[in-house]
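Below are two complexes that have subunit A in common, paired first with subunit B and then with subunit C.
On to the complex of A and B.
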């Protein structure tokens, strides 16, 4: 790479090892990249690819069982391995700052924000008299609205998005040459993520800081970075300008990743998602040849014999592949034809007048208010909304974990579904089951696959020993797993296989409705596609209905038949996926949709403020405090009802639908 | 970032290489061996013979390596066989405490709320009473007998172990596999014993070995004070109690060797438990 600007960071032939048990295992190998002044480089990859490990090594913050085994990291021309403790300290004060994934964990919960931010100025050696002013200035710079009051607060009194702004303020206070951001928006709502990303972009434009941006999200990296490095199994597989890496990928892995992401353009009715076969290599695996060869559809003998170098390609990019020209025409792994599906109009679940009020410290918390929702046989209904909107509470009420307030009626197949798990009959228990977000938490790590699924079969079907065994095997086949996994404990399975086991367990009693609580958000991109395909196939085979809770609107758009948008415990908009995504939208949905990182910057709607507390909902429309299309007093005093504006489409807004269409410049669909 | 953690196989590898563990295990196993086969190894009859009275309080010699005690019995033989009373009583007491404590910890941790408040406060109240004094009062009331010692120490350990297990259960009970079990309407007993218990066994194992060391100390302190052991049974605590008065006459062997035995066994068990704890943490 030939550049005239000086390099802020140069990583050369970096190798990092972790000690596991007694062995040193290589987690990162032969990684080289550099970041020029003012440039932003993204490292993208799935879990275990080594992206955070690389960042930690740059900060010289590797955990005790990690070490830089080979190669060099030069920051501003100096080799960081050779720095003394005090030089390292100076480097972290002046040259490089890092922002971590969870802002709640980066701040001390028992010290006021102002004092914590002032630490940075103390370290930089400013006189004490200047700290307060500098703190307020820097907080203002990260667009915190009322910095004078924020400095007096403790971290738990601020929302996640505010905390991340504070952490970013601390990181940029010293005007570092390099800012390392490690998944800075993972765990934040899409609306908040969008704000944080905008903030980083504008700060970068202002200060000219170089950025190393680490994320598993291709869309975020694409938006934020000039150049991108794709990591896999501790190797850099592709490197180059962000635009060309994503629009014209030249490594089979990048192509596979991009194909397995639902983009929002195609739904399940049109095509199955393509997937990447196989699983990620284990940590420190000794693999001869290309590390990706085992999963690569175009691998040849040479790939398995000898590892390719990072081969430079025209356009200032490189690909660790012998056949970069064949990558764009990678054969599909999964046939595109969607599974045939019969849809019926029969109603399965009918929820009416359902509210849920918790009592917290003597005060009511209105978690759900007057929910009316129906789910048809074999249908997927998605619940979307920011965290705290009541999605999970609604799911738990349906599952019987929470008992709704008096007056709620929930019917399944025309019969009353009893409130609590204890009062439900065996049939009721069987007919509603759940797949959890994180299979690591959802599967008992001391039980074998046979036992996990078998127990569910035994409880939900009441079969004898022989029958349980047989049915367990059938279920495993249903989720496309071999019987050799029966004896395995969850720790021996990959994330995708674990989620398959969890799905098999939920299907043990042939349920009529399965609640899917973010079933793919804990999974890697390449695995997510396979699980989505599986869910879609199972639905076609078993005629089961899904209540699908998700933050990822692209996945919702791909999988859902109908969508319900929730805000502050209320349904704001309910309709077919096509209608909800096509518009005209409820102002809240409009904001949610525009927050997606793959949206163009100019079209973004920024929501003012935060979700109001459920203990103290605002008068009138619940969304009026943040609504960008508020029309006046009526919004503040009268709560609009959820009205059926079109057949099969309901909306809770005072603005008539054709006015919304005009405001949003949507061409009505027929 | 997930920092790689060790699997069970790798934990065994760490344990196998751990000097701490092996030294501890070696010492402990030696005493277990003595406790089981004491009479076969002891050079003399530990209970003594009538002629022994002739060589009372002999200093260590080629015949009696550890000397003889006030009744002329071989100290080495009594130290070897004395491992039995220390280990059996301490093991039984620790086992009792671990079983009761684990069950209480599971109940308190799983149900939480008001159950935790009530039982938790009762356990706290128990914890505030000093161990040896409680045991002495109870044994004075019960009269000195071995079963009494086992029960008293076991009950005194129960709240300590219950607290530790409760903390581990609290971390487990909000995991989704517990919710999944509830969703197929498993009973609380099934969830506690079949779902949660296997996931907290590492905590219980470490707690058991740590408590075992304390139990040995407590058992021997009680026998030193004259509680729980019949005087004829070879016992380290009792031996020290019977002979520490002779220390002023430079007769150190009937006290020193039982004391060293106690020290080595307690240190051995502690090394063992450190080794296990390290392997779980690696």
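On to the complex of A and C.
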């Protein structure tokens, strides 16, 4: 590659090993890339592909059992392996900074924010008298409101979005040549993610810093990066300009990844999602030939015999594939589409007048206010909203984990459901089940799959030993798992398989309703597709209804029949998925939808401030403090009721629906 | 914070109340006829009745308990049967002695244990670490009477560096007293060192592996600053609680060492009281040791929360 701009970072033939037991196993092999001044490179891949390992090697902060086995990393022309301890420290002070996943853990819990930011200025050698002013300035630069008071706080007193701004402030304070961002928005709400990404973009435009951006999210990488490298099993499989990698992929893996993402254009009624069969190769596996051949639908003998090089292609890109031209026409790997469902319109679950107030330090926390919602037999209703909007509380009330306030009525199949789990009958418990976000913590790691599912069968069905065994096997078959897994413990299963076990457990008693709390958000894209397919197949077979909680609007759009948008414990908008996504929208939903990273730049609606505390909800409309379409005093004084504006569509807003429709034709300008 | 402290004090009082009932049952009820136990099988029934009347042990149990606890709250634990002196006076002296021994042991073991733990954590997996963790653990399992006897034989009998008894002659100065107390303190140090070192090591390793230490390192902070400010502050929090919980043991649990070194501490006093069937002394002593435990635990909890901003400052504002 001939270039005139100097390279800030050059990684050449990098190999990184981890010591497992007594053996060094290669986790990353033959990775080469470079980042020019002002350029942003994204590394994308599923968990275990080595992207964070590469970033940590660049920072010279590999874990104790990791080492750079071969190759070189040059930052600003200097080989970082050769730096002395003090040179390395100087490099970290001046040349390279990092922003991490989980900002809550990245800051010291017992040191005030101001002091932690001031470190950077101290290290840069500014006189002590200037620190305070510089700290406030830099916090203002990352758009933290009221920085003078933030500096005196401790990390646990700030929200995740604020903390990530603080970490970004520390990272950019020294105006580094290279900024490394490792999953900086994973775990943040979509609206907060959008703000953080906007902030990084604008800071980059301002300072011209080079960026290495690491993410599992194709949409985020696409939005943030000029160039992209796709990692798989520690190898760089494809590299090139972001636009062409995503619109015209030339590696079967990239194609597979992109296809397994729900795009929001199709719903499950039309087609199943594509999946990538097979699993990641284990760490350090000795694989002859292409590392992806085992899962590649177009692999031929040559692929299995010899590993291809990263072959340059026209358009300043490269692909580690013998057949880059065949990749775009990859045969589809899908399960057969489910038979069309005959859905009855009978109501399964009817929630009315349901509120939940917690008491915290003597003050009431209004977690849910007057929820009225129904779910029909075999229907999928999605709950969406930022964290703190009450989605999980509502799910827990339905499950009987939280007891709602007096006056609430929850009926299932026409019968009133007892409000607390302890007073529910076996039938009631069987009819409502749950799948959690993180199968690791939801499954007992000491029990075998047989025992985990068997116990649920026994409790929910009251079968004898033989019946339990038989039914356990059937369930495993239902979730498309082989019986060889019966004896396995959860730790021996991949994330996708663990989630299948959790689903089998929830289905043990043939439930009428399953509450799914972010069931795929801890999973990789290709695994997520398989789980979503499984869920829709099971629904078609068993006529079960889902209450689906998710922050991924594309998944919601794919899976849901109806959508309920929540804010501060209230339903703001309820309607069919088509209606909610098609618009006109409630102003809050409008903002949520615009926060998705795959939305075009410039169309984003920036929500002001943060979701108000549920201890102290604002008067009038709960959303008025952040609403970009506020019409005036009425919003501040009168709470609009949830009214049925169209048949099957309800909205809580003072603005009439046709006015909203007119307003939303135009793109709001900043 | 105030609420937390008040609640904690309330809990401590309830615990003490329950303890007092147990102590009462153990010392007044289970022995059966107190007068008979004190005077032995050959005393005349008249003498036994007379003693029971004098001690008040012929009254209804509830009356005895209320009377006893009522006086105890006002600082009167009755008279010792064997020494015929107020229990509080005997306890006071013994408590003072025990506290001296506890302080000496503490001053030696806390810095040693904490430093050992830090060192082990910083040299994780290396020889120093192995020596400290394995050595500390081995020392913990040596009973005090074994290490005590070995120490007496080596340092008191053979080398004659330290006196073999812990009690300094009456009226001795600080140095002499200290000289007498060092040898008996060592078995206690051996027991506690491994414990404190391990807790410290675990806390330091947790902090070293934390994301905020990664942030600090990648900011470019010098290693010494990181260890001092980022690691120790967070790592020592659990250590403080553990160390404080050992103070109770050091005050009330030293029967073996005090007997071995012929030292008039509270452990020795309770031991003698039990042997001589001196029930008022035994009851008062156990109650006082229980109170000492509660006070130290309370102080541990308060110091822990003072150092932890998540408890001190509260939630989001």
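The rule is short, and it goes like this: the second predicted complex is superposed on the first by the 660 of 670 C-alpha atoms of A that agree within 3 Å, B and C clash if a C-alpha of one lies under 4 Å from a C-alpha of the other, contacts with A are read in each partner's own complex, and residues count from 1 in each chain.
Keep this in mind: contacts are C-beta pairs under 8 Å (C-beta built on N, C-alpha and C of every residue); 3 or more make two chains touch, one makes a residue touch a chain.
Fair warning: this is a prediction, and the values are worked out from it, not measured in the lab.
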- Between subunit B (first) and subunit C (second), which, if any, makes contact with A:123: first, second, both or neither? second
- Message: Once the two complexes are aligned on chain A, which partner has more residues of subunit A within touching range, subunit B or subunit C?
- Response: B
- Query: In the superposed arrangement, which partner chain does A:21 touch: subunit B (first), subunit C (second), both, or neither?
  - Reply: first
- Given the touch rule stated above, what does A:392 touch, subunit B (first), subunit C (second), both, or neither? neither
- First (subunit B), second (subunit C), both or neither: which does A:92 touch? second
- Message: A:272 in the overlay: touching subunit B, subunit C, both, or neither? Say first, second, both or neither.
- Response: neither
- Identify the partner contact of A:102: answer first if only subunit B is touched, second if only subunit C is, both if each is, neither if none is. second
- Query: Which of the two partners, first being subunit B and second being subunit C, lies in contact with A:589: first, second, both, or neither?
  - Reply: neither
- Task: Classify the contacts of A:442 with the two partner chains as first (subunit B alone), second (subunit C alone), both, or neither.
- Result: first
- Which subunit C residues qualify as touching subunit A in the complex? 124, 210-212, 214-222, 229-230, 233-234, 307-310, 313, 315-317
- Note on the structure: Per the touch rule, the subunit A residues reaching subunit C in their complex are 59, 61, 64, 89-94, 97-98, 100, 102, 105-111, 119-120, 123, 153-154, 156-159, 167, 170, 613
- In the complex, the residues of subunit B that touch subunit A are 1-7, 9-11, 13-14, 17, 175-177, 179-180, 182-186, 195, 198-199, 282
- Provide the residue numbers of subunit A that touch subunit B in the complex, in ascending order. 18, 20-22, 25, 27, 47-48, 52-53, 56, 63, 65-66, 182, 283, 399-401, 421-422, 424, 429, 433-434, 436-438, 441-447, 455-456, 459-460, 491, 502, 505, 509
